[in-house]
Each structure stands twice: as C-alpha cells, then as structure tokens.
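Each of the next two complexes has chain A plus one more chain, namely chain B in the first and chain C in the second.
After this line comes the complex of A and B, so read on.
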C-alpha cells in the first residue's frame, strides 16, 4: 500500500485538527473567494491573507514554511500568465531584448501578474492546510453534511477506497513491464514509439477489465460486512463552541480583509 | 514515487489553479458543470439504482490509476492519459461525466492539482467537453466495422485534448490572465503532441477491450448509452474545435477583434475585479452596473440554453430509460 503517496494528511493533535471539517471546508472556500476579490496591487490585502495562512499553520503545529513550500506546485502554470506583463496597456518599464523581439513590460501588467501569483499561491496554501489537517474520510463526511449531491459524495468515497487497491494493481503492471523490458546500457528497450504506446494502451485496457471484476468482488465483500452506503469515522462531527468561534472569527477576518482592500483602493 | 512522476512540473496539465480565472468566469463554469453533473446523476440513478456508486467509484479510481501508466517518448518526457475520451467510450457520456468529476475533484482536494473555486472550469474542460466529444464521435461509428470504430476513437481522444486546451486558453483569456497571441498557439501546439499520446493509449486500450471482452463494447451497448443526438453534439463541438483552433492560433488578433466588437474584451479585463469594489461602495459606476447586468443576463442565458439542451437530450434518449440494466 502506498498510503503516503495519496494521503497528504499530517496526523496531529492541534486545535485545527480537532475543528469540525465542515468549518474547515467552508473557511477554505471563503478564503479562496476572498483572495479572488482582492483587487490587483493591493499588497496589504495579500499580506493580511498570508497572515491568516501562517497563523493557521502555527496553530496546526506544522512548520511555518509547510504550506509555503508545497504551494510552489502552481508555479509551472504561471507561465500561462507571464504574457500579461507585456500586453496590458500601461506605462513602459523598459525594454527586454530577446533576439529579434523586444518585450516591453508595463507597470499595470507587472502588478496584475504579481497579483495573480499571490492569489494563486495563497489559495493553494489554504487548500494544502485543509488536506494536511483533515483525513479524507472526514472531508467526505463534511461534504455530505454540506448537502453535496449524494451520488457524487458516495462516488468520491468509493473512489478513495479503491484508489489504493488499483494503484497497487497498476504498480504491479508497471513492474511487470519493467521486468520484461531488459535493455543494454545506453539503448532504449522495446520497440518504436507506436509499439510502446500500444503496450501502454493494452495495460490500460487490462487495468480496466481487472478493475471491473475486482470492483464487483470488493463490493460483494463490503455488503457481506454490513456496508450500507455510509463511511464511518471515529470523529463525531457535532459543531462545538470552538467550531462556531473559529468560523465566526475567521469569517470576520476575511470580511476585514475585504473592507481594508476597498478602503486601500482610495489611497 | 508515483505522485512525483505524474504530477511533476514537466508534465503539462490542464488543471487551472485558483487565482487564474476571475470570479465571474469561475462561477459561470461552476454553474454549467453543476447542471451537467446533476443531469448525469439523475440519468444514471435511473439506470443503475444502488449499484451506481460502487461502480462509478471504482471506475473513477481506474481513471486515476490509469493516469499512472506512461510510456517513454523522448528526452525524459513521457506520454500518459487524461482519460476523458476513454471513459466516454467505455462508459457512455453521463457516466463519464460523473467519473471525471470525481477524478478532478479528488485531484484538487488530495493533491491541490487544480483549484477549488475554478474546479467547475476544470471539470468542464477535462470532464464534460471530453465526454461530449468522446462519446459523440464514437457513437457516430456505431454499427460500423472495428477499424472505423478505432479510427473514431483515435480522433475522439486527440480532439478531446485539443478541446480542453482550447477551452482552457479561452477561459484564461476572458479572465484577463493571458494574451491570446502567445498562449493560444503554445497551448494548442503542446497539446497537439500530448493529444497524440492520449489517442495512442486510448485506442490501444479500446482495441484490447474489444478483443478480450467484446460484449462490453457491442453495438447494442453503444446505442443504449445514448441516442443519435449525441452524434450531433459531438459533431458540433468537433467542428467548433477544428474551426476555432487554427483561427485562434494563426490569427488571434481576429478573435480579439470579434470580442472587442461584441464589447466583450474591455469589460472582461476591467470589470471583474472592480465589480465588487464598486458594488460595495454607494456611488455605482455606469459601466460597472451595466457589466453586472450583462453578466447576470449572460449567466441566465447560458443556464437556459443548457437546460433546454438537457431536456431535448433526455427526450431523445427516453427509450433507454426503460431498458433493463444489462449487467
């Protein structure tokens, strides 16, 4: 089982770990929405949002750079936004010569790019904290309490169950392929590209058929053990005083960020 | 090390992170996605009853796991699957939408691969568009020879990736996050290559299933999963991609001009981030107010269109509802 590769949960005993998952899900979504509504270039707003991320990281007993480091996964995508630096109308900041092309970055373009960056990094950081402090079954529980469509929630919970089984199956398929693909040093094993793609395709087909059959067996076994369509968790999930308190304080803080941003726009 | 290999930055993915789409665009696509997913669950529940969720769950896990299967291409890069078209071909359009929704949601929640506020757009690009194209084209080959079917699958898989890339670039552009001129040709260029990998793996998988379990892909199965109207849906989206992709990458200026003429571009870049600031402050700007109204009308129009489409689709494939589940 490769539990560690799929589950990003960091077990702990902090106040954040003990919060009701519903509260955590809602505050995460509100936080991301709040980031989306911070206007371009209002750095104070982004700073206040970062403070919330750091405070929650501290409360959760994680090292302060935990979410910051992991949030770097969005960086490759920022390539898509780089062009905005040079295309937004605004006052030019100079000329960058790359071969025959001259790129002219503008101040508004740069401000917009950095703002997009911040919005994205901060949002991902909060989502990372959510999964790091909440076990996946508890998240599913929260989705159910939050009235997400039942078939979708149930599909998600089943998917999580099977994920480990099927990834083991896939690892075995990949290992078998590797074992049969001996090659001399410096030479690629196997046939040409088309052939290699065909082999990968057959493996996917194989995996599909095995999944269907295995899924049926697992389902029968679960029924036999009393599965009724619910995933149980040891945490009771009743909203406590501290849950309401945290939800209230965090939403008030998010509202405060928005108000500060609107005021900052005038100066 | 699995997660490291699939989710490495070297593998360009279509998952948009939070912060890259503006709020209005993100919400419009959430709305569209919710409509499609709720139709999908309703239709599927009628067909499968209580067996629905275990089956969809394992199939979602299958798509997730099959994305791990890669093949070396060159220079350390590797081809792997997105899976939308494959899901549509083996499962039918509605099941594919539900399964891909679960996959994309799990990727966002477990790995932060794709944002939460923009998840609607991600599901639309990689789950809904791919399912519509995938099943539409495959449906058009129903009753034909094995070779025709495999050609349809190949085209469907490649086009599904292109449709996703096209729609992603357009969303980024409408959000004022990118310049079409550079991003569109780059995105389409990269994904034209990624699409080849997708097509090869998908066709390999389908050929394998056709050989070992032909009953799963029989003609009756295909027609039971959706009526002829799907051919039209698939055809229209294909046509859109085929016409729009070259136009957008060769002359993005043209597309920008069209948008500008429609009064679309200027509002889109300025409005969304000032939409709420002005909203919360007493003196409303005239242009902002008009943007808000225009946005609301747009959302309603899109929702109405989708509902209408859904109703016609349901009517068209009503007979399947009374069919006994075959498994």
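After this line comes the complex of A and C, so read on.
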C-alpha cells in the first residue's frame, strides 16, 4: 500500500486548511485568470502575484519554497512556448547559427516567453497549494457544489478512489513477472527485446481488462444501492465568516494586481 | 451541518409509502428461475427458493455453481426468467428502486463495494439515493457504523483500511438502507482468523433475514441452521444444516466437505 504516492495533501491545522474548499477552488481559478490577464513584461504584476502565493504558503504553515519546488515540474511544458522568442516580430537581439539555419531572437519574443513562464509557474503554484491544503474528498465536494458537470466530478472521484487500486494491481503484475523472471547460471536472462515488449504489452492488456471488469462490478454495486444515474451528495461545508473574509480579501487583491498592471502599462 | 440537495427530497415519500405496503411473508420467494448468460452459457436452471422472515441461510456449492449469478438476480441486477418476490414485491422494472432498498447486497470484494472517497459517503450512498432527509441519513450512517463496530471511521478513506475493516463497512453500507434481507457473497474470504471471528459474531448478532454464499463450512455450521446446496446452476439440496452435513455422499458429490472439529 503506497498511500502517499498520489496524495498531495499535507495535513495541517492552519487557517488555510480550515477554509471552505469552495472558496479555495474559486480563488485558485480567479488567480489563474488574473495571471493570464497580466500583460507581457509587467514584472510588478508577476511580483504581486508571487507575493500572494508566498503569503498563502506561509499562512498554510508550509515552507516558503514548498510550492516553488513542486511547480518546477511544469518547466518542460512551458518550453513548448520557446518558439515565440524567434517568431515574434521585434528588434533582433542577435543571431543564433545552427548549421545552415539562423535563428533570430527578438526582444518582444523574449519578454513574452518569460511572461508565459511566470504565468504558468505562478498558476501551478496556486493549484499546488490548493491540493496541498485540501483533502481530495473535500475538493470533489467543492466541484460538485460549484455545479461542475456531474459526469466530470464522478470521473474525478472514481479516478481518485481507484488510482490506488490500479497501482496496486500494477505492482502485483510486475511482482508476478519478476518472480518468474529467473535465469540459469551462465545464460543471459530474458528473451529478445521483441518478446519482452510482447510480454509488457500483454500486461498492459491484462490491466485494461481487469479495470474494465472492475468497472462492471463497481457499477453493479452502485445499482444494488439504488443508483439510477444521478449522484447525490451531502455537503459538510457551510460558509463561515472567515471564508467570506478570505474570499473578499483575495479577490480584492487580485483586482488590485490588475489595476496596478493597467497603470504600469502607461509608463 | 450537511445540506441535502433539494432534488432528493421529493423521492422520499413515495418510497416510504411503497415500503409500508411491502410488509408480508415470505421475505424472499423464487419460482422457476432460469438465467442464461448473453454468451449462451446456462447459469441457472429452475431455481425455487422460499426464505421466511428471520431465517439465516447458507448458500454453498463449488465454484461456478451459479451462487453469485443467483444473488445478482435477487435484486434485479441480472434479469432471468421466472418469478422473484421480495417481501411480496415482484422484482420487476417498476419496483426496482424499492426492491434495491429491500435487498441488501454485499459484494465479495469490498473494493468494488466501497467506491466513495470517504467511509461516510459510502454508507450514505444508499440512503441518499432513497431520498431520505438529511437528519435521517446521518442517523442511519451512525447507526449502521455502530452496528458493525466502525463508528470511529466516519471520515476515513476506504482504501486505507484493512480487509476486515472494509468488509464490515461494506456491510454497514447496506445496513443503512434498512433492508428486509441481507445477502452476502463470500463474506469470510480473505480474512485473517480474528477478522473472520469478528465477522461471524457480527452476523450472529444481526437480527435480519440472511442469505450468505460461502465456502467456509465451519461458519455454516456455527451460524446457519439452514443450508442450500447449489451445483451446475441448480439447487441440489435444501434443508437443515445438521441433516445435510451427515450426508457425506451428497457433500462429496458436490465438492463439499463436512467441517472437522
């Protein structure tokens, strides 16, 4: 049983942990929207956004670099935007010669690329804080009560529930293979690459079939308890004063960032 | 405090009304039930069974005898030919929501049965779909979990529990629906001796009509005064457990063993 492999939740007793999950989801989404609206090259805006991330990190009782470290995982994806440096029209910064090709980076391109990187890093950091301070079941509740489409929420909920089961099943399959992957002294173990690839393919197929059958059984178990196609839910959350307060302050701050950015654009 | 979604509230009355009509004997009646799987494999042939209120019955037989298929027919998940009545109510499409509340079905693998993120939500799933009011749901969840001795586990996540704990919570998920009959598919499989003993004590203490499919002959002897033996899709014997256990030829013919000690 590997309980911590997928669970990103850091248990704690901070004010952020106790916030209504709906507030956290909404503020996270607003924060991402706000990042998207910060104009290219307005570094002050990104700095203000980073401040919010750091304040919330501190409030949640996490080390200040917590979200930063974990957000580095998105860096490879932002590299997809690297072509912007060379494709945006602007004043050239020099020439990079690669064999017969010449790449010309432009200043506007570079500024836009760095801005995109900041936007995605900051957005991911807030999402990381959200999952680190909210237990997954609470997140699912929040989605449900924010009227996210039912099938989507159900899929997420089942994914979370069966991710562990699936990973255990994979572990068992791999273990079973390893247990029979013997070798005789003096002979090389394992067949040719193609054969081994075939075995791996069969295992993936096995896993798929097992999941499919499990899906059937889970559905039967749901039918047996009266499932008719609608998922109902009880909600253990009610908005408290501090929830409204946090939601208000955070939205005001996001608005402030936007205003500052627009003003900064004039200078 | 929890809030119930408004759309559930209107269902509750009709189900309650129908349930009060559903008081009658026998608790379960099966007449000439036949079931053929979609691939043409004949799984059940002319099954007839009467279960009176309060009876605890063991359903035994070799693997592939059709026990699980029969169980899935009893609350209409599989639909065979023949008549099934639960507390006087036919297992037909129009009665299905009520039938599913009357028949509490506990699946063999608790990982199939427990599909919600938390124990509370899993136990509340049945009552919630019956459209009960919120206070009643909370009461039922607490009571069902107390009945199986798991009341401290409300906010736990099902995956992180032991097999024995999962089994007991799986039983709580159907107890919360207040079924007329409890049907369990191999409840003691995969349990260590202590968990198995706890489960047997639990089943012993539950005053409910019960049909339990099992290979655990010692449990059959300890718990169930009546035994139904199935083989190759048919009921081959149905009678007092003591009497059937003395018929060694019958037991051996169907791959069963008389419990020692």
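Just so we're on the same page, the second predicted complex is superposed on the first by the 220 of 267 C-alpha atoms of A that agree within 3 Å, B and C clash if a C-alpha of one lies under 4 Å from a C-alpha of the other, contacts with A are read in each partner's own complex, and residues count from 1 in each chain.
Convention: contacts are C-beta pairs under 8 Å (C-beta built on N, C-alpha and C of every residue); 3 or more make two chains touch, one makes a residue touch a chain.
Predicted model only: the values in this text are computed from it and were never measured.
Once chain A of one complex is fitted onto chain A of the other, the partner contacts of A:214 extend to both chain B and chain C. In the overlay built on the shared chain, the residue A:234 is in contact with chain C alone; chain B does not reach it.
Using the contact criterion defined above for the overlaid structures, shared-chain residue A:197 touches chain B, although it does not reach chain C. Chain A has more of its residues touched by B than by the other of chain B and chain C. In the superposition on chain A, A:224 makes contact with chain C only, not with chain B. Of the two partner chains placed by superposition, A:253 touches none, neither chain B nor chain C. Once the two complexes are laid over each other on the shared chain, residue contacts for A:137 go to chain C alone; chain B is not touched. With both structures placed on the common chain, the touch criterion links A:59 to neither chain B nor chain C.
Across the two superposed structures, the residue set of chain A contacted by chain B and also by chain C is 136, 157-158, 160-162, 165, 214, 218, 222. For chain C in complex with chain A, the touching residues are 1-5, 7-8, 72, 75, 77, 97, 100-101, 103, 105, 107, 109, 111-113, 115-118, 120-121, 124-126, 128-130, 134, 137, 157-160, 173-174, 177. Taken together, the chain A residues at the contact with chain B in this complex read 2, 5-8, 28-29, 32-33, 35-37, 39-40, 70-71, 73-77, 80-81, 83-84, 86-88, 112, 116-124, 127-128, 131, 136, 139, 149, 151-152, 154-163, 165-167, 169-171, 173-174, 188, 193-194, 196-209, 211-212, 214-215, 218-219, 222, 229, 258, 261-262, 265. Residues 1, 3, 136-137, 140, 157-158, 160-162, 164-165, 214, 217-218, 220-228, 230, 232-236, 238 of chain A are the ones touching chain C in the complex. Listed in rising order, the residues of chain B touching chain A in the complex are 1-3, 7, 9, 12, 15-20, 22-23, 26, 37-38, 41, 44-45, 50-62, 64-66, 68-74, 79-81, 86, 90, 98-99, 101-103, 105-106, 108-113, 115-117, 172, 176-179, 181-183, 187, 197, 200-209, 212-213, 269, 273-274, 276-277, 280-281.
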